[in-house]
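Labels run A, B, C, D and E following the written order; every chain starts at residue 1.
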Amino acid sequence: MTLRVGIVDTTFARVDMARYAIEELRNNDPSVVIERITVPGFKNTPWAAKQLINRGVDAVMVFGWIGPSLTDKITYAVASMGLIMLQIEYDKPIIDVTVHEDEARDERELFDIAVDRSRKHARNLILMLRGELTKWAGMGLRQGRPDVGPIIR
Amino acid sequence: MTLRVGIVDTTFARVDMARYAIEELRNNDPSVVIERITVPGFKNTPWAAKQLINRGVDAVMVFGWIGPSLTDKITYAVASMGLIMLQIEYDKPIIDVTVHEDEARDERELFDIAVDRSRKHARNLILMLRGELTKWAGMGLRQGRPDVGPIIR
Amino acid sequence: MTLRVGIVDTTFARVDMARYAIEELRNNDPSVVIERITVPGFKNTPWAAKQLINRGVDAVMVFGWIGPSLTDKITYAVASMGLIMLQIEYDKPIIDVTVHEDEARDERELFDIAVDRSRKHARNLILMLRGELTKWAGMGLRQGRPDVGPIIR
Amino acid sequence: MTLRVGIVDTTFARVDMARYAIEELRNNDPSVVIERITVPGFKNTPWAAKQLINRGVDAVMVFGWIGPSLTDKITYAVASMGLIMLQIEYDKPIIDVTVHEDEARDERELFDIAVDRSRKHARNLILMLRGELTKWAGMGLRQGRPDVGPIIR
Amino acid sequence: MTLRVGIVDTTFARVDMARYAIEELRNNDPSVVIERITVPGFKNTPWAAKQLINRGVDAVMVFGWIGPSLTDKITYAVASMGLIMLQIEYDKPIIDVTVHEDEARDERELFDIAVDRSRKHARNLILMLRGELTKWAGMGLRQGRPDVGPIIR
């Protein structure tokens, strides 16, 4: 059956993350159908995700970009709550692929995090929908950074 | 079809932001119909937005103004959660055009942020409803400040 | 038509704020009907507000009093969320008239804030229900303190 | 009519607070019926409160115990939100009788707060259900500490 | 009747906590049926828990792993809220077995906390479902650490 993935992204973001995720989705599933809505910033991503769910997508990827201030963090918290509520209400997984400006020292690092996180979460989505992630449970995987691995005793 | 936009603003705000947004909406769509409710402060904006949704608007713009204290930030978080819940429940986008007093050094800067953010988000609303924002995805647009642009590698 | 206003207050508060608000409501609308529930503290105000909505009031005023600790602020955030949810769900405005102990230097100032805020929000409620607040939109009105006014450029 | 009170408490708490509250409830209303569920920690108290509401109790008392870390405070905020939602949804008051480890200097003080708060809130519950708290509105009552009283001008 | 327990865990975690919990569940109830979903990180645990509830499990255990940053804590708060909402809505208990990286000094301690917490909460779940936790109410039990015990006066 054809996989339909919703893409929500923003004009606030400083990297076109969706592009890398879509490329990765197509590499893994050439028949994937993409539906995309772009909003100004993270606050409208729950609305956009809901519109895509209304259109019948199987899952949604949300590409957020959050500034370093307390207000920015509040925005992240509140809209994330909306994304959680949608997943519970409509039984559709939403993968949050958000970059926070305070997690990198410079623009180069932000860019690399954004691309790595977008690609890896695109693969995560496909594996999760196939129920194939359990073999990596507890393995310390990371998106945006190298994996840290499991703690060995 | 006629576009109907709801406007929610407050007597707490120190700039009549709605005025600039309405002007911008009319410049972009002369037939736009405006419905407006003014409340004392941000805490009642979800109620007002809901009343406008009940009256059949297609989208809502909320013009908030938030003080610098922790209590003010809590108010912002909590009422923002209400605005998210409304968007999910009723499938109407709500653009939050809030100015935070701690994001500027003086009144002059606050004023400029308020006007710029109001005008740009009015245009954002129209473009978003037409599905025309994707060409600016990841382009680092800002409202209230100059755009920062995409990170180029 | 007779206006019915619900009043929720607490035994935790150190000023009988409702008394000033009720006086102000009656001065502005002699036929107003008051329904009142007193609870121990702010955490039970959403329940009480809901009981008053069940009894058919047109609007609710909640008179909170919040201590200075992080735990007190959490209580404020969480119960405020409940008050927002009620307004959205039942289409009744709830005016939150809360005094925070950390917003004043001494008891005298707390008292004055409490009385001023209670009276002004009673008037706000009546004006809001009549749709007459828009003429003060963006005018920098304050409750508990003198108005700061609009920013003039 | 027989009053039925639900009791939710935890194995995490360091004082059997419910015991003092039940004693106080019985002193004030010998015919009271108690239904009790004990959970590991505060995170499961909304689930337990809901089970007691399902069994038909008139009100619930929740005896929480919260550690001093940020994570503990988050747990308190999140589960408290659940307790607020239950009160609104099912029209049953829930009295939160939580002790925070950071509100006392030593174990002796924690113990005294726990017992005082449990007893006083048991009385509050009965008075609130009878609608008899309004005479103490704004009187600065405290649970866990001596009352601070109203501000006199 | 056969007990069915849902297990939600993540590839972000650095210890395969579910393994210890499943072992413990089977030691206490050899006929227990396990349903397991692995997601990338804590943000998708409410969705996964909901899927398991849809499949008819009696209870869910969620094995989270949270980093030390403010953003990580926000993620924890928001997804925890989702887990609370599920418990209220569907009357199924969800035991949150989350390890926070900032609660230990080194990897060795994190590992020990993870294993201890997983085993003890597996036992807690079975006792809670049997209604047998009340005898330990107020006894200062801990998961991940040794019990601290009740305060004796």
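Assume a residue touches a chain if its C-beta (ideal position, glycine included) is under 8 Å from a C-beta of that chain, and two chains touch if they have at least 3 such contacts.
Molecules present, by chain and UniProt name: A, B, C, D, E = Riboflavin synthase.
If you're wondering where the values come from, they're calculated on a predicted model, not measured in any experiment.
Visitor: Suppose a student superposes the Cα atoms of chain B (Riboflavin synthase) on chain E (Riboflavin synthase); what rotation angle should they report, nearest 5 degrees?
Guide: Rotating chain B (Riboflavin synthase) by 145 degrees superposes it on chain E (Riboflavin synthase).
Visitor: Report the inter-centroid distance (CA atoms only) between chain A (Riboflavin synthase) and chain E (Riboflavin synthase) in whole Å.
Guide: Distance between chain centres, rounded to whole Å: 25 Å.
Visitor: Distance between chain C (Riboflavin synthase) and chain E (Riboflavin synthase) based on Cα centroids, please, to the nearest Å.
Guide: So the centroids are 40 Å from each other.
Visitor: If I count partner chains per residue in chain B (Riboflavin synthase), which residues reach a count of at least 2?
Guide: Each of 77, 81, 85 in chain B (Riboflavin synthase) touches at least two other chains.
Visitor: Beginning at chain A (Riboflavin synthase), go round the ring through chain B (Riboflavin synthase) first and name each chain as you reach it.
Guide: The ring, traversed starting at chain A (Riboflavin synthase) in the chain B (Riboflavin synthase) direction, is A, B, C, D, E.
Visitor: Can you name the residues of chain A (Riboflavin synthase) that touch chain E (Riboflavin synthase) in the complex?
Guide: The contact residues of chain A (Riboflavin synthase) facing chain E (Riboflavin synthase) are 66, 73, 76-77, 80-81, 83-85, 87-88, 91-96, 100, 102-103, 121, 124, 128, 131, 133-134, 136-143, 148-151, 153.
Visitor: Considering only the defined contacts, which chain A (Riboflavin synthase) positions touch chain B (Riboflavin synthase) in the complex?
Guide: Residue list for chain A (Riboflavin synthase) touching chain B (Riboflavin synthase): 9-19, 36-40, 43-44, 46-47, 50-51, 54, 63, 69-71, 74-75, 77-79, 81-82, 85-86, 89, 107-108, 110-111.
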